[in-house]
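The data blocks that follow each hold one structure.
There are two complexes below, and they share chain A, which is joined by chain B in the first and by chain C in the second.
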Partner chain A sequence: MREGKQSDQCEPFAALTSSVAMPPLKDLEREFSEVDYNFQQFCASHGILSVEDFLVHDLNVLVAFAEQHPTSKELKQGITRILSIIDNHHQPWLNGMKLLEDALQNKHVLSTGCEGIDLLLQGGLREGQLTELVGPSSSGKTQICLEAASNVADKYMGAVMFLDTCNSFSPRRIACFLTRGVSPSSKEDKKRSLERVMSNIFIYSVFDIFALLGVLQQLECKWRSQVYTRDNQVKLLIIDSISSLITPILGGNGANGRSLMISAGLLLKKLAHEHSLSVLVTNHMVGGEGGALKPALGESWKSVPHVRILLSCDRGGNNLYYASLLKHPTVASGQAVRFMIEE
Partner chain B sequence: MEVADLPLSPSQRAKLISAGYTTLSSLSALSPPHLACDLNISEYEALEILRMVASQSSKTFGGTKAIVVGAQTAWDMLHEENFITRITTSCAELDNILGGGISCKEVTEIGGVPGIGKTQLGIQLAVNVQIPVDYGGLAGKAIYVDTEGSFLPERVFQIAEACIKDMVENSHFRRKDFQTCQDKLQPNAFLENIFYFRICSYTEQVALINYLDKFISEHKDVKIVIVDSVTFHFRQDFDDLALRTRVLGGLALKLMKVAQKFSLAVVLLNQVTTKFSEGSVCLALALGDSWSHACTNRIILYWDGNERYAYIDKSPSLRSASAPYSICGQGGNQISFTLQSCPEELIDQQDITIQQLGEKDIYVNYRFNVITGNLGQLNLVLACQFEGWREEQGGSVGQGTTAMRSSAHCSNAGSPLVGVRLPTFPASV
Partner chain C sequence: MDSATELRGWINGDESAKEMLERVLTERPLLLLPPLHRVPLRVGNVVEIVGSSPSGKTQILVQAAISCVLPREWNGVYYGGLERLVIFFDLDCRFDILRLSESLKLHIMEANRSSSLNNGGPSEDIQFDEELFVSCMKRFLYVRCYSSFEFLAALKTMHCQIQKESEAHGVGVHFLMIDSISAFYWVDRASAMLPIGVHSIGWIPEKASAMLPIGGDKRKHISLQSVAETVVQEIQKLLCVQPMLVLASKATVFGDGSISSEAKRKWSSGETSDLKTSRMNPQKYSCRDYMPSVWQSFITHRVFVRVSDDLVDSKHQTMPIYETEWLLPPLSFLDKFTVKDAGIFMIA
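And then the complex of A and B:
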């Protein structure tokens, strides 16, 4: 496929470790002695020049041809070697017991600090899941995100990553959530504990979808290469709001926008599962048929989050909000609660 | 990292993927002529692609304390917030509900029916941002993007004159030396510091907002961008509503980015439209529901009888509140107080807040700290900046912080106060 192309000087393995790379066979020669010139000639005679060609070819036919070749043993070793390389690059098979163990030990439930939402979710945000808050403007989405950030940073001793697209992160509000209901202690103590908790909340502004994907890739790289026990690992990742990043690219003549949206969603879910963190995103509403509002981002997005909560504000002006469950893997949807967010 | 996730044009991406380059690492050790030959593009284009790839891969290694390179902690932001000066709107009640004024680093949307005073407020902000730092302003310049043609230089002159007059009166109480900066504070100088752009179509608007980044990098002292109004060119003759949503979404993100990057305030003025909901007709801001997340704060101006009111509709940190305001001929009324001791220099740490009780009653709360003890008789002067009005009270105080409260009654929410009654001074603290 790319015969004239230069291979990576430093790491042919780097090419392999990405999930889609299909390098030409001669790139593998440096690492694996079985893939020698003889083997490559044999494969080339069957039209196999890269790993991808290898996968689509009928292996039984290839093995049969190898048998008839004078150097059949080396050829079969070569074939086995390539198959083992390919085997190493999919996720390991898990059975139900292992999944259950993982769920019980690693995937805890994080309370959001807001009683109504916790009641609706029967506990709170679950690690490993992507939760979406959808609602019209000024319905409390950012407030719940801020409250969850302050609560998780405080009670669960974990770091919180807040990706802000509309400059609406308010440190004053976080301090307000953290200091309410706290017993009066000395000013120094209060200040020190506030500093400890707030230094664990990290804010990064992203203003387009590519910046978001870049940040997520950065996080993935960083976490993959770190040792297993890390203190201050991120427990909650909040994106407020992901719909403002996706709306400018969705629609139009290409399906490009939709593919970027889905790949962002998949990357978020992968990060959530592999690193045991919870992801919280917000979405807005658009007009649907008959003037009723519906969540933005369309039908393809509906299947991406694990949990979807619909928020609305009671216009009576007394800080009352309604939340109902649109989708949840274990709780019946359709339930609703009414709660208050304090000033 | 995948090539599909890189910020490239769709045709470039398609060419890269069909030639077999699917990851960043496959592009890392490549030379531009080689890539140009492989993809059948010009060498310049290949160089651009490789340069962008190099910048992406350099971002993936960050061993810093922050989880992501460039992230800030909430604690640092909290301290930074104290240093962000707000732009006053020249109306004390409105400033009160906004927590001091329009804040920088945020996009504020102000909407209302025609004739309610949006353009006036926009012009007032463009003038107020230029107030020198000594007088509590930002000493910055303003960018005014006019889409409707409602910007009148004569009105700006009037407002600038009134602002300077306010500052002169203020200077008596703050004892600042007005003479030194008098030449800078001419109305003409105020007009010079407003960059004016006239926009005649939506493509011009998009182009200008794309250009803002470059413009502001060259004029670093711009502290506010006002767009009056952001809706005008998107309402008529726009057949493709999906395109409108996309364009507006992109516009909103770019404005947010400019506000964050240069720490300036962005004010968008919006029109209203009628909305049918549950059988009733109500007024809502134009541009649809998807525009609702394009701003950080939203203020709606409305009529209540004969008075104008401002209502905070959306804000991450301010509570929902209403405040009356008015437009006067001279350009803004500012009710503010200062506290002095007589003999002077005996109190510090002044804290004066005005609390709106009802429509025409206010409380003035003031706290102060007496510096030296054993005074015997100390006169306190609570001064209000309206036509040199002063009121004096006397009493004996000791050392320590004292808090006081007095009530005031306004005959009309828009006119100067007719009288402020201070309670009798306490005999002992």
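And then the complex of A and C:
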């Protein structure tokens, strides 16, 4: 848990600027005696009203000004205090061994239940990472999402959050994935296991980027204050499709659309890393110039996901699909597999 | 002391040019970091690695980090490293430690194997040196930043961190890495348009429009410009006390909402395999640099990386070939490399 003052409010837009709200100086007065009225006046005369303002100021210059002041000692103590507050506003420094321990202990690999995809990803979706499926319509994106949801809820006893942006969630399909390959057991057993799995999948209908940011922000607030057991933890967060939420805001020349897109990506990666869950998103394809297909989220989105998989459908039918790796942190890109999705 | 000898001492200077060159070369050795070996680098340089994603930028950083944390020699085995600390700022929040650790392991084992072969020893019973591995991994210092504010907060308080770690390890920091410097470009650009003071309370449209600027003219806007200025300023301050080689990756960003004609041409060619990264003209990117000029003028070296159209055929699979081209200083060479499990391999 991070120290320092944190806002209890969960405003959906706080994520846009900073993950931890930085307070104005006058709010710090109660907690830290060094940040007194005199110090605030001195800072205000240099245009500094909040901790954030300190961040874009050259503190050496500020110290030099403080030295000319009659109360230079107190002012310098104040500056030191602010520096220690700033030190709490970044993520902790970690060395390679600490990082490796976290990765080995907390970041597991979740099988998607789809052999082809697991093979391509050398095991499956990794917790802490954001995986993107990109492909034209009916290339198997939603099917892989549903299969992964049912498999994770079933085999790993983990909760799955399914953010549904175009009413693509199908409980029937989930039931289908669950009952296949299982030896014919009693109807009771089937029903019980189905109920168990279904109660672990939480569906949210999300129809615009603001609703998405709201949901993610709420999750972050809830999880930050909550200690929970490994069992009922959310292991997989699916957004099908994230591109349908983001493309409407990308038009025009402004930076706001892209800013929201990058913020949503950062928030997803933060949730994935800090709560050790895997994020799976889909990106549809649209017709570009000349009729060729291109991903709806293009060049500036590319730096967001850890893993990118390109899906396509075999033209001959037979439920045959292709998947090729466009990007992966540890596996060389360019590999491809062919796989089937059952009816 | 009589004044004549004092004067002579002054005229003679502290050291000859030869002595100085020797001193500088030992204190600040030239660094040849494949695939950036075409241009010798040294501490104090600021190198920008530009390329579309994925083009092997992070891989180049990982490779450089490994050569920095490995010792020159250990238990009689030559590793050829610098045995210094690396600082890694992860702004894209995509760094995978397993990539570094696996690659480092393979490097150590390879060095052990070749040393054992040279000594005529058996090549089978090479033991993996866990102690060496752990000490190397501990020389890699990492911080993740989810916003420009966190980045600035970490930079501003880094001096103490460096001191603490340098004392604990007995060696200084040699490389400072930023992956990638353009991560918050769009967020910072958009935040510059918001009225001042909005940042600390979270943005709500009604609130924002009702807000009046407080603090007067003196208050600095928090924007792409002021963030870049502060980043450059803080790194410069750090470089004065601790000479380091700065390596920053940067993603190529297409202009304001419109796809460049190059990309249009690429898509209309109808090849989805082009999704990886297309062949692009680096010159175009160098003149379309989108970072604030304060950052651009801070750069001493710039190299462009991209995926080439060719593929390597290895036993099991085809692997993409990456190309590097120096833009600053401008060189007409193209170096090609491929990425395997152990790291980067140059292709002659």
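By definition in this document, the second predicted complex is superposed on the first by the 270 of 343 C-alpha atoms of A that agree within 3 Å, B and C clash if a C-alpha of one lies under 4 Å from a C-alpha of the other, contacts with A are read in each partner's own complex, and residues count from 1 in each chain.
Methods note: a residue touches a chain if its C-beta (ideal position, glycine included) is under 8 Å from a C-beta of that chain, and two chains touch if they have at least 3 such contacts.
Because the structure is predicted, anything quoted here is derived from the model rather than measured.
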item	value
Partner chain(s) touched by A:204 [first = chain B, second = chain C, both, neither]	first
First (chain B), second (chain C), both or neither touched by A:168	first
First (chain B), second (chain C), both or neither touched by A:259	both
Which of chain B and chain C A:250 touches, first, second, both or neither	both
First (chain B), second (chain C), both or neither touched by A:94	second
Shared chain A surface residues [contacts with chain B and with chain C]	7, 9, 11, 14, 18, 21-22, 250-252, 254, 256, 259-260, 263, 291, 293
Residues of chain C that touch chain A when the two form their complex	52-54, 58, 69, 92-102, 134, 136-147, 149-154, 156-157, 160-161, 180, 182-184, 186-187, 189-191, 193, 197-204, 214-220, 222, 226-227, 229-230, 233, 237, 251-254, 256-259, 263-264, 267-272, 275-276, 311, 317-320, 339-340
Residues on chain B engaged by chain A in the complex (per definition of touch)	1-2, 4-7, 10, 19-20, 22-23, 25-26, 28-30, 34, 38, 56, 59-62, 66-75, 77-78, 81, 105-107, 242-243, 245-247, 249-250, 252-254, 256-257, 259-260, 276-277, 288-290, 292-296, 298, 313-314, 316-317, 319-320
Interface residues, chain A side, partner chain C - complex	7, 9, 11, 13-14, 16-19, 21-24, 44-50, 52-53, 55-60, 83, 86-87, 89-97, 99-100, 102-103, 129, 134, 250-263, 266, 269-270, 273, 288-295, 298-300, 302-303, 306, 310, 312, 326-327, 329-330, 332-335
Chain B-facing residues of chain A, complex	1-2, 4-11, 14-15, 18, 20-22, 136-138, 142-143, 146, 149, 159, 161, 165-175, 194-195, 198-205, 207-208, 210, 213-215, 217-219, 221-222, 234, 241, 243-245, 247-252, 254, 256, 259-260, 263, 284-287, 291, 293, 296, 317, 343
